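What follows is a group of structures, each given as structure tokens.
Across the two complexes that follow, subunit A remains constant while its partner is subunit B and subsequently subunit C.
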Partner chain A sequence: MRKKELKLVVTFHTTADAMAMEQACGEKKVPGRLIPVPRSISAGCGLAWCAPLDARENILEVMKEKAIEEEALHECMV
Partner chain B sequence: MIYLDNAATTLHKPEAVKRAVLEAMDTLGNAGRGASEPALGASRMIYQARELLAEFFHAENANCIVFTANSTESLNIAIKGLFSEGDHVITTVLEHNSVLRPLYECRGQGCGLTILGCDEKGNISYEELEAAVREDTKAVVCTHASNLTGNMIDLKRVGEITRRKGLLFVVDASQTAGVYPIDVQKLGIDVLCFTGHKSLLGPQGTGGMYVRPGVRIRPLLSGGSGVDTYNKAHPSVMPTALEAGTLNGHGIAGFKAAVEYITETGMDTIRDRELALMRRFYEGVRQIPSVAVYGDFDTDHRSPIVSLNIGEYDSSEVSDELNVSYGIVTRPGAHCAPLMHQALGTVGQGAVRFSFSHYNTEEEVDSAIKAIKELTE
Partner chain C sequence: MAFCIACFIRDTAGALGLHSAEAVQYARPEIIGLVLGAFLISVATKEYRSTAGSSSMVRFVLGMILVIGSLVFLGCPLRMIIRMSAGDLNAWVALIGFILGVLILSLGTSLLKSSTSGPGSMHAPILLSLIGGLIFGAVAQKSRMCFAGSIRDVILMRNFDLLTIIGGFFVVMLIFNIATGRFVPAFDTPGVIAHSEHLWNILGMYAVGFAAVLAGGCPLRQLILAGQGSSDSAVTVLGMFAGAAAAHNFGLAASGTALDAETQELVAGAVPMNGKVAVILCIVVCFVIAFTNNRSEGK
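Coming up: the complex of A and B.
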């Protein structure tokens, strides 16, 4: 298995929001990718945006600009 | 074959639609179910389709767009999910059974229902509509265009009334989406129901609805959502709230390609073409002795439909003769529009409906006129 690193993980209420996030980050060249929600955060399925910790400000900016509502923001080993 | 049954479903689809469905079947997984490339590919495509439709109907954002199998499903979700015992709803005789039957069910469960009549040309009165509003009225549910006569309801006028009276406005755009621009925000529409396979030129089994932010609809279905698995209740956040189960990703890929085609071709270009074909046909048949044409042709602000009868002939007989002897495809019978037929006095006879696509040609229209002439001789 790949060695885990501490990452920023954003969860969403719906898959549509996760897709909006991927699109917005792609447009703004904000790093990260969609991953299955880690079990340490929630056992309930779904997609999360996983990014380096130092991208937090850029990510929050993109979410504000595109009115994407997060379910929660986590820092966890992924 | 000359296909003139485009109000039932458009037979000729853009090549890009077929290609998109095939490509989707080769590549796409289940949207919202995991983060593998096939699953993400499906999620991305569906999200793009949501955005495209939001733009197409001038919705506030992509989450206002819900995918369903067709208008009937959208209308059932809207009508059964919005109204409760004690609510009064106004509708019209122009409606299809996909509006009427869910409303009759609501009436059976204690809702009040007023069905507005029409004049001899098949048009409603907006003054009557306003006068039908009561203290307990919750909504107006109406079609944008009759699937029998092609007559349109002026959504701007109805929207002004519903806004002024604080009512919900639910619209069935089955016969107009893709042909007439619909700006849900400008028109004050709360729920817009559309199907993908008619004038939107997509595959059958695709459709959807726009739901204005803040409008709460009780879901018709609950089940798999791809999120929040251990919650006993289906998620209440839109659009997931109204999309239980795997979406028709392959179909939606085709639907998306169809909307892109319409945008590229130009809705005005498509509509002008269809209305010109409709007008050519109407002018060709209206003066044939014993032909009765239904609907209001004083205006070209209508859906490209011409319904007619020949003398006292059963519409099924005429349609069958057109099919067998001339290879012309039309739709006879009642068209799931019982109240419109009652209003026109055609319950027993039905009507033969000719409906046009921009893919039809003048030659096809002229052949249909010639066939009608021969059948009346």
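Coming up: the complex of A and C.
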């Protein structure tokens, strides 16, 4: 099994925002991927963006540029 | 047959006096158990969170669509899987519609909150139903079991976690059905409460898949989310009751293929004209909701 690492996890208000995030990060070559929202964050079942901790600045920049609003930023083991 | 959220909501709506179709009136302990089970386990594991979000009225309408579509097909996604496992080919046909409905995700609509002698007379003993519902509710809460969500995760993330749960459920039911000789691969099996109007099976489930994606979960998931504190889902569930009432008050629900008790003739189940019009309207409404909520950049 893959080793769990501390990652930056961004949750969104809507699935569409999460999908927009995937597209935007793809265009800007910002690292990360879509994952199901980790259980430790919410018992819900949405999508979240998971990225290395050091990509935080890049990610915030992309979100500002594309007007993607996060629900919350978490640091957790994924 | 076994377990169906749309049918149980319909029966409960009947028991509450929301419609007067006599064959389908019974306050299903399973529904109560499902919500209670999800509530209790989420409180016990500290996952209960009271949340409310957006678009209450739209969610209400989506709840109605979920049940109207289901009652035209004669079953919610859960029952679709159960019917598939019993060999009912109509359910396999309907699966096409359901998947197509979920595929609407590609539109990227933004309503979804990511955080967030009639059937009525055939029922299990009350206590057993309640306990069954409680356990199933708790399991569904822990596993995040969702029929729409499982297909969504595969499409968007190539993530098979949720689909595995549904797949496991299907395999268990399949083995059970084969072992007990209930597996009959056919279209018109009397007693299954199904009909073979393929187009309407597909369109009914298409509406359900579409509405489920917009509302963020299939009928089962809505109940569970309501149990763990989502007011959004609770509104959707209220809409489901209204949809069930409308389906039977306005003659939208389909009838199942059955054996006439007197003549021993097979009477084919059918979707009434009202039901066909309602399904088309439901799909149109889904498109309107999807496009008016489409994510616009820089809003």
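Assorted remarks:
What we mean here is this: the second predicted complex is superposed on the first by the 78 of 78 C-alpha atoms of A that agree within 3 Å, B and C clash if a C-alpha of one lies under 4 Å from a C-alpha of the other, contacts with A are read in each partner's own complex, and residues count from 1 in each chain.
Simple rule for what comes next: contacts are C-beta pairs under 8 Å (C-beta built on N, C-alpha and C of every residue); 3 or more make two chains touch, one makes a residue touch a chain.
Just so it is clear, the model here is predicted, and its values are computed rather than measured.
When both complexes are superposed on subunit A, subunit B and subunit C clash. Set against each other, subunit B and subunit C touch different numbers of residues in subunit A, with C touching more. Within the superposed three-chain model, A:Ala20 lies in touch with subunit B and with subunit C [touch as defined at top]. Contact with neither subunit B nor subunit C is seen for A:Pro52 once the two complexes are overlaid on the shared chain.
Among the candidate segments 218-226, 272-280 or 290-298, the part of subunit B whose C-alpha atoms clash with subunit C in the superposed model is 218-226. Residues 12-20, 22, 34-36, 43-47, 67 of subunit A are contacted both by subunit B in one complex and by subunit C in the other.
Against subunit A, the residues of subunit B that register as touching in their complex are 31-35, 40, 43-44, 46-47, 50, 61-63, 226-231, 235, 237-240. On the subunit A side of its complex with subunit C, the touching residues are 11-20, 22, 33-37, 42-48, 66-67, 71. Considering their complex, residues 12-20, 22-23, 34-36, 43-47, 67 of subunit A touch subunit B.
The touching residues of subunit C, when paired with subunit A in their complex, are 42, 45, 47, 49, 53, 105, 108-116, 141, 144, 146, 149, 152-153, 156-157, 159, 161-162, 216-217, 221, 225, 228, 230, 294-295, 297-299.
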